[in-house]
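In what follows, subunit A forms one complex with subunit B and a second complex with subunit C.
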Partner chain A sequence: MDVLNLAFVAAVLTSAAPVLYAALGGALCGRAGVFNIALEGQLLCGAFTAVAVGWWSGSPWLGVLAAVVSTAVFSLVLAVGAVAWRADPIIVAVGMNLLALGLTGFVMREALDATGTFAPSGLQGLPDLDALDGVPVLGAVLGRATVLVPLAVVLAVAMSLWLARTSVGLRLRGVGEHPEAATSLGVPVTRYQMATVVLAGALCGLGGAQLSLGTVTAFTENMTAGRGWVAVAAVMLAVNRPLWVLGACLLFGAAEAWGFRLQGIGLPQQLTDAAPYLVTLVVLVLSRVRVRRRLRAADPVAAENAAHPEEIR
Partner chain B sequence: MNALAQRLRLGAPAALVPLGAVAVAALVGALVMLAAGVDPLRGYEAMFRGALSVSNIDFAVAGFTAILAMSLAFAIPARMGEYNLGGDGQLVAGGIAAAAVALSVPGPAALLLPLCVVAGALAGGALASVSAPLSTRAGVPVIISTLLLSTPMVALASYLVRFPLAEEGSPVPQTPRLPDAAHLPAFPGMSYTNVGLVLVLLVLLVTVYVDARTPVGYEIRVAGANRGFAAYGGLSVPRLTLGTLASAGAVAGLAGAVIVMSQPFRFIDDALTAPGYTFAGVAAALLAGGRPALLPLTAALFTILSVGAAGMERDVDVPRQLGQVLQAVVILVLALRVLAARWMAARARRAAGGRA
Partner chain C sequence: MTGSTASGTAHGSAAGAPPAAELRGITKRFGPVLAVDGVDLVLERGTVHAVVGENGAGKSTLMSVLYGLHRPDAGQVLRDGREVRLSSPLDAIAAGLGMVHQNFRLFGSLTVAENVVYRAEPRRFGVLDRRAAERRVEELSARIGLDVDPTARVDTLPLGVRQRVEILKALHRQAEVLILDEPTAVLTPGEVDSLFVVVRRMAEQGTTVALVTHKVREVLEATDRVTVLRDGVVTARLTTAETTAGEVVEAMIGRGLVPAVNPRGAVSGEPVLEVSGVRMPAAPGASRVQDVSLRVSPGEVVGIAGVSGNGQRELVETVVGLRTPEAGTVRLHGRDLGGLGVRERRGLGIAYVPEDRPGVGTAAALSVADNLALGHHRSPPIGRRGRLSPRAARTQAAELVRRLGVKTAGVAVPLSSLSGGNAQKVVLARELHHEAALLVVEQPTQGVDVGAGEEIHRLLLEYRARGGAVLLVSYEISELRALADRVLVMLDGEVAAELDAADATDEVLGAAMVHSAGATGGGER
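And now, the complex of A and B:
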């Protein structure tokens, strides 16, 4: 089977995009020294708002906008709770993930009068990039995707440059790596961290919108199904570097897209659904073993605490 | 003044935080019901009736059994600072293992009952154990690996119940009814409440005892307070991690086995994960804080929230997800307990300063 054809590349990008948005948000938080494992709930929040507002207003773009705004607002819970008030980021995030799951299900029943899945006939998805149809290669890769798919890849590259080349990016890294030093240079650490968490929320909003108005045109209860956790794993695997995050998410996308192909030749969906998560975990383990070995020589304490990133402040 | 008054003054704020969390959640729930156009009193009444009325209590106690077990599955590793969020996978692993044994091993109840329960506990424990070396050897946080293992396990069970273990001709993905010998004996006059409750309560007693009275329990708490100090003091952190995770998974697996071996005596796809036992257990464990003996109380509260929510949906048409929302609010308020602690410390400092 020819897995490296262009249609496959297209499927990989579409599968990877929602996770990539969330993981880029997570990587930014990691760079700023905030442990963000609320990505799952934030993706779900974005996916739901995109569909709800998109259907209600009739415009998928308003849905995307609403997803970005609502998820940014939702992430204030983490920004205020875990950053400003210094509560345990893990417990805040566990609460947020559960809150997103409950609230989306609740509002779907109460306001949209649907249970399980909401996919009314009037719901419009984001348009495909039809303009690229005639273009060789690009047309085949992106012609059936929404604009949010290439945007995710562009954002990964832009974020990498931004962190490396701009003064704000440098300050953000300083805030995460050495908050005391950043403070002594007059950088408002808490404000930087809170802004980063909110920005990450906005990115998750885009990811959620791509999932519910791009990859499919529907909202299903708990439709993120662990993608936010894959994003957390991707962030860890990439040690917060945006380009590596891109690579990790493409790997997840490839596993998912390959799974769809295997379904096509008769493998049960339940088994192919499991594969991307296992692939992500295996690659994460392999990469962490290496990171830890390198750390052990330089900083034994950090190596011992590798499994507890929330304690490194 | 006298010792009792002083203890009350110190103890009252400690109890205030969990009680406050529940009160805030109840208030949020009331506001949500008002927004949905339902009288909160009627809503809460329907919720309590949904769990505690004579016709529902049988089912609610079965839910309590599962939630108590899942609260232990979270609380045991949490004693040493590890977060087990993969309860769904461990629960399902235990359920499918118990069902597979019951359907393939012929034998009398005396053999089959313990065999199925042990198979369930072993399966759950094995799945959770994987996360221990991943944390201590590879440095992958337990919270991430348990979750990433849970999704594939649920998918695998879903596959097994659709194909190799499926009941032929059934429109629902489910196993055939387990043989009579694998039915846990129910309490007299009950159909859902059975010996499973006794098993889980026994596990709770053992946990409370080990935690408070044994060297291992002490070591686990030391590791939770300061992992580096524990390792420096000669404790084997990898072994403690493996032990706590294996026990946690085993309790979750036990819960899965108990569910499958109760009415309707089948493994039905989604039936173990859909009620949200795992996160009700997480919320109960967080609310109990570092006091395992309080778990039955907090588990009972979250049983009312989640089992009663279904009754509330039936009676006053408020979506059952409100139960989940309230659990989340309790967790969030508990996370913010640091504020209360800081406020009290500041007050104590002011008081001390005032006296000097």
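And now, the complex of A and C:
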């Protein structure tokens, strides 16, 4: 197989991984009936903690662990605010996104004494999967990636199976779809939802760590640059199905990797940076148009009124 | 395991065992309202027991107490002669009670089997055993003679089948006493009949069924015992075989029923509505309509009968302008309405009472006054040059509420606080206020109690007497017979039969609809 193509696949996977973690977390929340748009802030929280603790402790793995724990704790804001106290999840999440942006910048300035970018010489990134060097295909695709990249793909498949094939997964699906029905059968809805939100936070922590200790080895203010929002778009596009989320995120990763290529042939960076977002926009609009058209043929009244036509089948 | 439990209880019933469930002296108030007052109810094992009464008579409250949804202020709940304390439906499920609510509590995106076993899943090595779940559904459905595909997604199923899923859910949880709350409200006549067959079969197998209803016909057809409630107290305890419809109705409403008089008026003049050759292809979620033609004259009620889903909804939506037909014309007073939208058609004289009252007919969160102003808000006195006059809306609403006798705490309260019958009267008041030449009505008395239903029928007949033309879609044969001058039976998108009201006996209409039920049963798959 062509080495160039395999290198492209590798670039796609590396670009997709942080978004995929966040989107899987978002999909899980969606399945539990909590609309989570705090993914951007959660990713940023994970990225920052990973670098800060990784540098302070000297171990990137401790950085990853800290990212997972801190983002899970950060997610308690959404879990307690939107689930336990029944506040509007959109408002809570907007607050979390702004808080994460402000707080990471502030702590970076005050505690790490850096502005803009924090990339001290002592900071170690996560190691590449050198063990795969020499293995055909796999070595070329994953040899330069961290273990968090293949793990994201594995998690997407595992989550899909878990939702479909375990009783806890079944209960979670029921909780999100019809909480009253789940309650009437004795499933503790609030507990399920809070646990899911915290678990989604842990996933975002992994995504953030991959971004700041895998893709690059640095933390930059607002370094997520909208990846969390792309993840939200992927969740909606996939209607909370993990395997579809995987597909959507790979598409996004491909657009980003393709953008880097275009830079190589001399297109301005600002334009190529926009490629993934442009692709996301086009796909979202197209999917809407298609669903609405199909629905209009079936039920014109519902088609006009439905805010989320893809949920009507 | 389940088999042995079932046979064990069947044995017990032979020798004067205690009743399967019993309520003693139940009293429950909500604030100042006394919902039920010292009610006793005995459900003998293996019987079908009707709990009847008008809306607000306390039957739902009573069943909620039995199912642990409400705790009574006084009184006891007994299961097999032992007192049980039910502080939640979970306790009730554990005590062998099951309930099928009027609004199903099913997960639409899950399969039948997943819905049935939810939270009581068969597992193998910690993994959900789908095949065991599906076998369980098949076994339970075979036991009570149901035909349900365990692998079907619930939101693809008709309401009648969804109800069976609810019943299976209760049986999977070993329910020995099953409460069915207004089970026929959402069913077509064919589905009602098969539900009653299932209920009978369950009773034979030792399950005790409490059937909550306000339809007298169902009481007489499907039950063994009857307890009638009115204003929170028991007004009659009857044995079905020894009672009559009149006796039950009198206990329910405290007086004899005066059926709306339907003097067939002289039909005169040019037709108001002429539909000719309307056709529409079948699409997912919609039925086909094939070459339907009909006319409605002033002073005439034309009824559309048929099992739901045979194109009635699509035909009505074509007339009011919600759908565009593939071919054919709709004329009002001879004027072709093609290309005109809903608002233009209303302006020309079409009023519409849709079947889906909470979704399409009303805005439940808005006040009664606002609901009555909808559709009249662009013309004086309520709307003037784009500005609304809330005062004019309230004045008009107060007048309409008074004239139609809508029971409400005022015109400023949200419509959702009204009972079904009163909400429907609000819709009718709004639509009749047009004094439109044509009134299109779907299922006018669905979810409406007997007394209010009677008044709604009277309002429709008065409208007809003033020279109005009515196109009436109903799945209730008795309603068609009470109101219609002519009846068209729709079958798979076609008009299968056209009958004069005098000829439209239960047998003739029923035969046409049973025939069509077979046809759609094949088509829906």
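Everything that follows uses one rule, which is that the second predicted complex is superposed on the first by the 285 of 313 C-alpha atoms of A that agree within 3 Å, B and C clash if a C-alpha of one lies under 4 Å from a C-alpha of the other, contacts with A are read in each partner's own complex, and residues count from 1 in each chain.
Operating definition for what follows: contacts are C-beta pairs under 8 Å (C-beta built on N, C-alpha and C of every residue); 3 or more make two chains touch, one makes a residue touch a chain.
Please read all numbers here as calculations on a predicted model, not as lab measurements.
A.B. asks: Under the stated touch criterion, which partner chain does A:238 make contact with: subunit B (first), subunit C (second), both, or neither?
C.D. replies: Neither: A:238 stays clear of subunit B and subunit C.
A.B. asks: Which of the two partners, first being subunit B and second being subunit C, lies in contact with A:177: first, second, both, or neither?
C.D. replies: second
A.B. asks: According to the contact criterion defined above, which of subunit B and subunit C contacts more residues of subunit A?
C.D. replies: Comparing subunit B with subunit C, the partner touching more subunit A residues is B.
A.B. asks: Is A:52 touching the first partner subunit B, the second partner subunit C, both, or neither of them?
C.D. replies: neither
A.B. asks: Now for A:251: first (subunit B), second (subunit C), both, or neither, which partner does it touch?
C.D. replies: The answer is neither, since A:251 touches no partner chain.
A.B. asks: In the overlaid three-chain picture, which partner chain does A:19 touch, first (subunit B) or second (subunit C), both, or neither?
C.D. replies: After superposing on A, A:19 lies clear of both subunit B and subunit C.
A.B. asks: Between subunit B and subunit C, whom does A:95 touch in the aligned arrangement: first, second, both, or neither?
C.D. replies: Only subunit B; A:95 stays clear of subunit C.
A.B. asks: Of the two partner chains, subunit B (first) and subunit C (second), which one does A:159 touch, if any: first, second, both, or neither?
C.D. replies: In the superposition, A:159 contacts neither subunit B nor subunit C.
A.B. asks: Under the contact rule defined above, give the subunit A residues that sit at the interface with subunit B and also at the interface with subunit C.
C.D. replies: 301
A.B. asks: In the complex of these two chains, what residues of subunit A are touching subunit B?
C.D. replies: Counting only subunit A, the residues touching subunit B are 37, 77, 81-82, 85-88, 90-92, 94-96, 98-99, 101-103, 105-106, 109-110, 225-226, 229-230, 232-233, 236, 268, 270-271, 273-275, 277-278, 280-281, 284-285, 288-289, 291-292, 301, 303-309.
A.B. asks: Mind pulling up the subunit C residues that touch subunit A in the complex?
C.D. replies: Within the complex, subunit C contacts subunit A at residues 89-90, 93, 105-110, 114, 118-121, 123, 126-128, 130, 155-156, 283-286, 317, 322-324, 360.
A.B. asks: Mind pulling up the subunit B residues that touch subunit A in the complex?
C.D. replies: Within the complex, subunit B touches subunit A at residues 32, 36, 81, 83, 85, 134-145, 147-153, 155-156, 158-159, 162-163, 227-228, 231, 279, 282-283, 286, 318-319, 321-329, 331-332, 334-339.
A.B. asks: What does subunit A use to touch subunit C in their complex?
C.D. replies: Residues 165-167, 169-171, 173-174, 177-178, 180-182, 184-187, 294, 297-302, 313.
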